[in-house]
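Here come two complexes built around chain A, the first alongside chain B, the second alongside chain C.
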Partner chain A sequence: MKMLINVAETVVADALRGMAAAHPELTVDVENRVIVRRDAPVAGKVALVSGGGSGHEPLHGGFVGPGMLAAACPGEVFTSPVPDQMLRAAAAVDSGAGVLFVVKNYTGDVLNFDMAAELAEEEGIQVAKVLVDDDVAVRDSTFTAGRRGTGATLFVHKIAGAAADEGRPLEQVREIGHRVVERSGSFGVALSACSTPAKGSPTFDLPPGELELGVGIHGEPGRERRPMMTSREIADYAVDSVLGDLRPRGPVLLLVNGMGATPLLELYGFHAEVQRVLAERGVVTARVLVGNYVTSLDMAGASVTLCEADEEMLRLWDAPVRTPALRWGV
Partner chain B sequence: MLDAAFFRRWMTGAAALISREADRLTSLDSPIGDADHGTNLHRGFSAVATALEQEETPTPSAVLTLCGRQLISTVGGASGPLYGTLLRRAGKALGEAPEVSREELAAALGAGVQAVAALGGAAPGDKTMIDALAPAAEALATSFEAAREAAEQGAVDTTPLQARKGRASYVGERSIGHQDPGATSSALLFAALAETAAGGEGGSDE
Partner chain C sequence: MKMLINVAETVVADALRGMAAAHPELTVDVENRVIVRRDAPVAGKVALVSGGGSGHEPLHGGFVGPGMLAAACPGEVFTSPVPDQMLRAAAAVDSGAGVLFVVKNYTGDVLNFDMAAELAEEEGIQVAKVLVDDDVAVRDSTFTAGRRGTGATLFVHKIAGAAADEGRPLEQVREIGHRVVERSGSFGVALSACSTPAKGSPTFDLPPGELELGVGIHGEPGRERRPMMTSREIADYAVDSVLGDLRPRGPVLLLVNGMGATPLLELYGFHAEVQRVLAERGVVTARVLVGNYVTSLDMAGASVTLCEADEEMLRLWDAPVRTPALRWGV
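Our next item is the complex of A and B:
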């Protein structure tokens, strides 16, 4: 697989150097792998810190800035960051109002963030955590590591970030972040596997005429494989999978997310089909986001995330945000 | 008896073995995980080897504690905290003794394995590193070679199991038929231990 890189070992550091040069409003510590908004710590405000493996850009670094994250910790490709990174980030952004860790539910992320939380508390930093586990493709049972965190992570960053920006205390910011998770569901499909720089070839074999349903965002295979389907059929399957779990009684936030290698032309066409199914099922979308936000390197495919949003959540969603990957109202 | 030099040789031996086997570990991690186990452990154990050259480690406990801390700070993923906890807890159990017996090491690693199981929430049969570590720590009470064999057998025996923990659990039944990469790297730790013991220079347990 051809890649626009020098060597696999420096992919993350190279990207961080490029990000630093593109975004003077961020402080990018390339050596220690921490991306911090330049004006941090912001007096009196709770600070959101998130992170995870690299390869999901713009998640998480692209969401650092006023109205969203105070800092992000990028790990190696598809590998959670180490506790040292989160500790450094927490120390850099804590104003004394506390730090909220937004953690996607993967064993590695959970273990490393938990270790970091312990260390931060030993240093006198108040830490709370929101665990994002929105992927309905994974059964949440004792037989799995639980649902994965995917598209709803963006919703948590935005809505809890806006709550923090309003000056709400840590417990309230945590509570609203948790509420977003409880009311969200996601489902992803892959038309092709992705290739990690270290491996240089697809991480799983997907025959040309087939697709993976219920795929994750780390190149891990999904739960079911079928002969290739049309955009209409995929939309039916994905939306019904989410609605099988989440039964919204009111308007929803909708994220139609590209996995990295699916053109926006296809993604918008897919969004039209998603809107058709939602209308057929009587679900009204209050806000919509279409684009590549929670990606999986060069995987082709898409995911659908729904979040049943109350008025407060919609107001926080509409609040101003200024980050590399999401900006409005400023 | 096993002194700090023995533990340093064990850890640098493990680093060399992980380096040689990194591609195989990554291949095993491909069908049921995310194809980076070898890369991540190689990065971690390289840091371990460097740290052992740079820092004073007067006791077996100091060696294991330093190595565990390095793994937590450099590996990432689940493997970093899990392997780091294994070594740190085992190191703590060894106390300040300048030399320890094989039996004492077996008991210390047993405590480490329990800590790993508690942290990751895994039980034997979940298709994780526990399936190699638990029988190996137990067999170490008999001999280094028995521990190596128990670990290797434990790793091989994960093949028909369905994963219940970690990223492999997401693929459900499709994890059946693949040997667990974490159990495989755990077996490498015990292979390095047996090689170190067979290598003499205070490495014998007799």
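Our next item is the complex of A and C:
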């Protein structure tokens, strides 16, 4: 598999140098792998810190900025960052109001963020945590105990980030972040495998003419493989999988997310099919986002994330945000 | 090649339905294939209309909105829109101040926009035109006489769009759009071919282990093929190709553009290498944009566009813009 890289060993550091040069509004510590909004710490405000393996860009570094994350810690590709990165991030952004760790539910991330939380508290930083486990496809896999964390991470970043921006105390910011997770569900499909720089070839084997239903964002196995399906059939399967778990009684936030290599032309067409199924099931979308936000390197495919949003969550969703990947109202 | 579609025949219409549902701030005429900003026509303002074959999303539909295009006309995949679409778009957005057609230099697009301009003028709409031909890789190909139009199209949309937003007369808006083209150069590389829905397989044959230097955005042949190169070597080749044609004496706008299937992680790393070469050549970047803006379906690869920007162009670049794909200052 050809890649636009120098060598696998420097892929993350190279990308961080490129981010630093593209986004002067961020402070990028390439050596220690921490991305911080330049004006941190912000007096009196709770600070959100997230992170995870690289390869899911723009998640998480692309969501650092006013209204979302105060800092992000990128690990090696598909590998959890280490506690030292998280501790550095927390220390850089804590204003005294405390830090919220937003953690996708993968074994390594959970362990490392827990360890970082202990270390931070030893240093006098108040820490709370939201665990994101929105992927309805499978429970308990080689990567995680419980469900995997995927698209809802973006919703938590945005909504809890806006709550922090309003100056709410740590416990309230944690509570609304947790509420977002409880009301969210995601389902992903892969049309092709992804290739990590270290391996240099596809991380799993997906035969021509088949797709993986319920795939994870690292290419983890899903529910089943089937002969290739149409956009309409995939939308039916994905939306019904989410609705089988989440039963929204009100309007939802919808994320139709590209895995990385699926053209935007196809993604918009898929979104039309997702809207059709939702309408058939009586679900109304209050807000919609279509694009590549939580990717899996060069995987072709898409995921659907729904979040049942109350008035407060919608208001926080609409609040101003200014990050490399999400920006409105400012 | 697996695609997230229903059938090839409805790919563009499906995508337009998905765009309409995602972007209530746009009016999307799915049947006639015209995307218009909802508040058009804007009294007293020149209106920019662009378009071209589909498959390059977010170009052009993703650039419709305040501060950029008033309307876009998507053709079939890699096929020029027809004059009737352009005429409809012009009629929908003209406030009496005239319409600027922004046309990428491909034979079909040039002919059809010329015909549309004649028809529009018969209906009393004043029309001017900017032809974008920034690709320094080749002159005269199967697709075009002269150079191809690629990444600089985004610069023209943004800068001429901001000039129109300021209320400048048509001739001035045309002049500044033309100035952007004269001062721009682009160079693209492909690591993989792209597949159109109609063909269902790669549009050209790129052997494993080779890349295409100077590729066009439809997969047209470039200058040469070579054994796979590193990000560093590709950046050297691409930037030196642009600088061989364009000799900027001042700061430049830089677009590091993904072709569609290249992960953002790789694109940021490539950007770091592009910055390194530019620094070695004494070129300073005044503004930078890194992302997927002018794509070629599922092609892996990237392009570099430079534009020597004077003070006025920088001011217009920084002006507020609110479109699906580009948004700042509002």
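Details
Criterion: the second predicted complex is superposed on the first by the 325 of 330 C-alpha atoms of A that agree within 3 Å, B and C clash if a C-alpha of one lies under 4 Å from a C-alpha of the other, contacts with A are read in each partner's own complex, and residues count from 1 in each chain.
We adopt the following convention: a residue touches a chain if its C-beta (ideal position, glycine included) is under 8 Å from a C-beta of that chain, and two chains touch if they have at least 3 such contacts.
Just so we're clear, the structure is a prediction, and the values are computed from it rather than from any experiment.
After superposition onto chain A, the modelled positions of chain B and chain C are compatible, with room for both. Contact comparison for chain A: of chain B and chain C, C touches the greater number of residues.
Touch criterion met: A:Phe270 reaches chain C, while chain B stays clear of it.
In the superposed model, A:Ser231 makes contact with chain C only, not with chain B. Of the two partner chains placed by superposition, only chain C is touched by A:Ser192; chain B is not.
By the document's definition of touching, of the two partners only chain B reaches A:Thr107; chain C does not. When the two structures are aligned on the shared chain, A:Tyr293 is found in touch with neither chain B nor chain C. When the shared chain is aligned, chain C comes close enough to touch A:Met3, but chain B does not.
Contact with chain C, but none with chain B, is seen for A:Trp328 once the two complexes are overlaid on the shared chain. Contact with both chain B and chain C is seen for A:Val77 once the two complexes are overlaid on the shared chain.
Smallest inter-chain Cα distance, chain B versus chain C, after superposition on the shared chain: 17 Å. Comparing which residues of chain A touch chain B with which touch chain C, the overlap comprises 77. Of all residues in chain B, only 26, 30-36, 39-40, 43, 72-82, 119-120, 162, 164-167, 169-172, 174 touch chain A in the complex they form.
On the side of chain C, the complex with chain A involves touching residues 2-7, 10-12, 14-19, 21-22, 54-55, 57-58, 62, 77, 191-192, 208-209, 211, 228, 230-232, 234, 256, 260-273, 275, 285, 288-290, 292, 295, 297-298, 300-302, 327-328, 330. Taken together, the chain A residues at the contact with chain B in this complex read 53, 75-84, 106-108, 111-112, 115, 138, 142-145, 148, 196, 198-199, 203-204, 216, 218-223.
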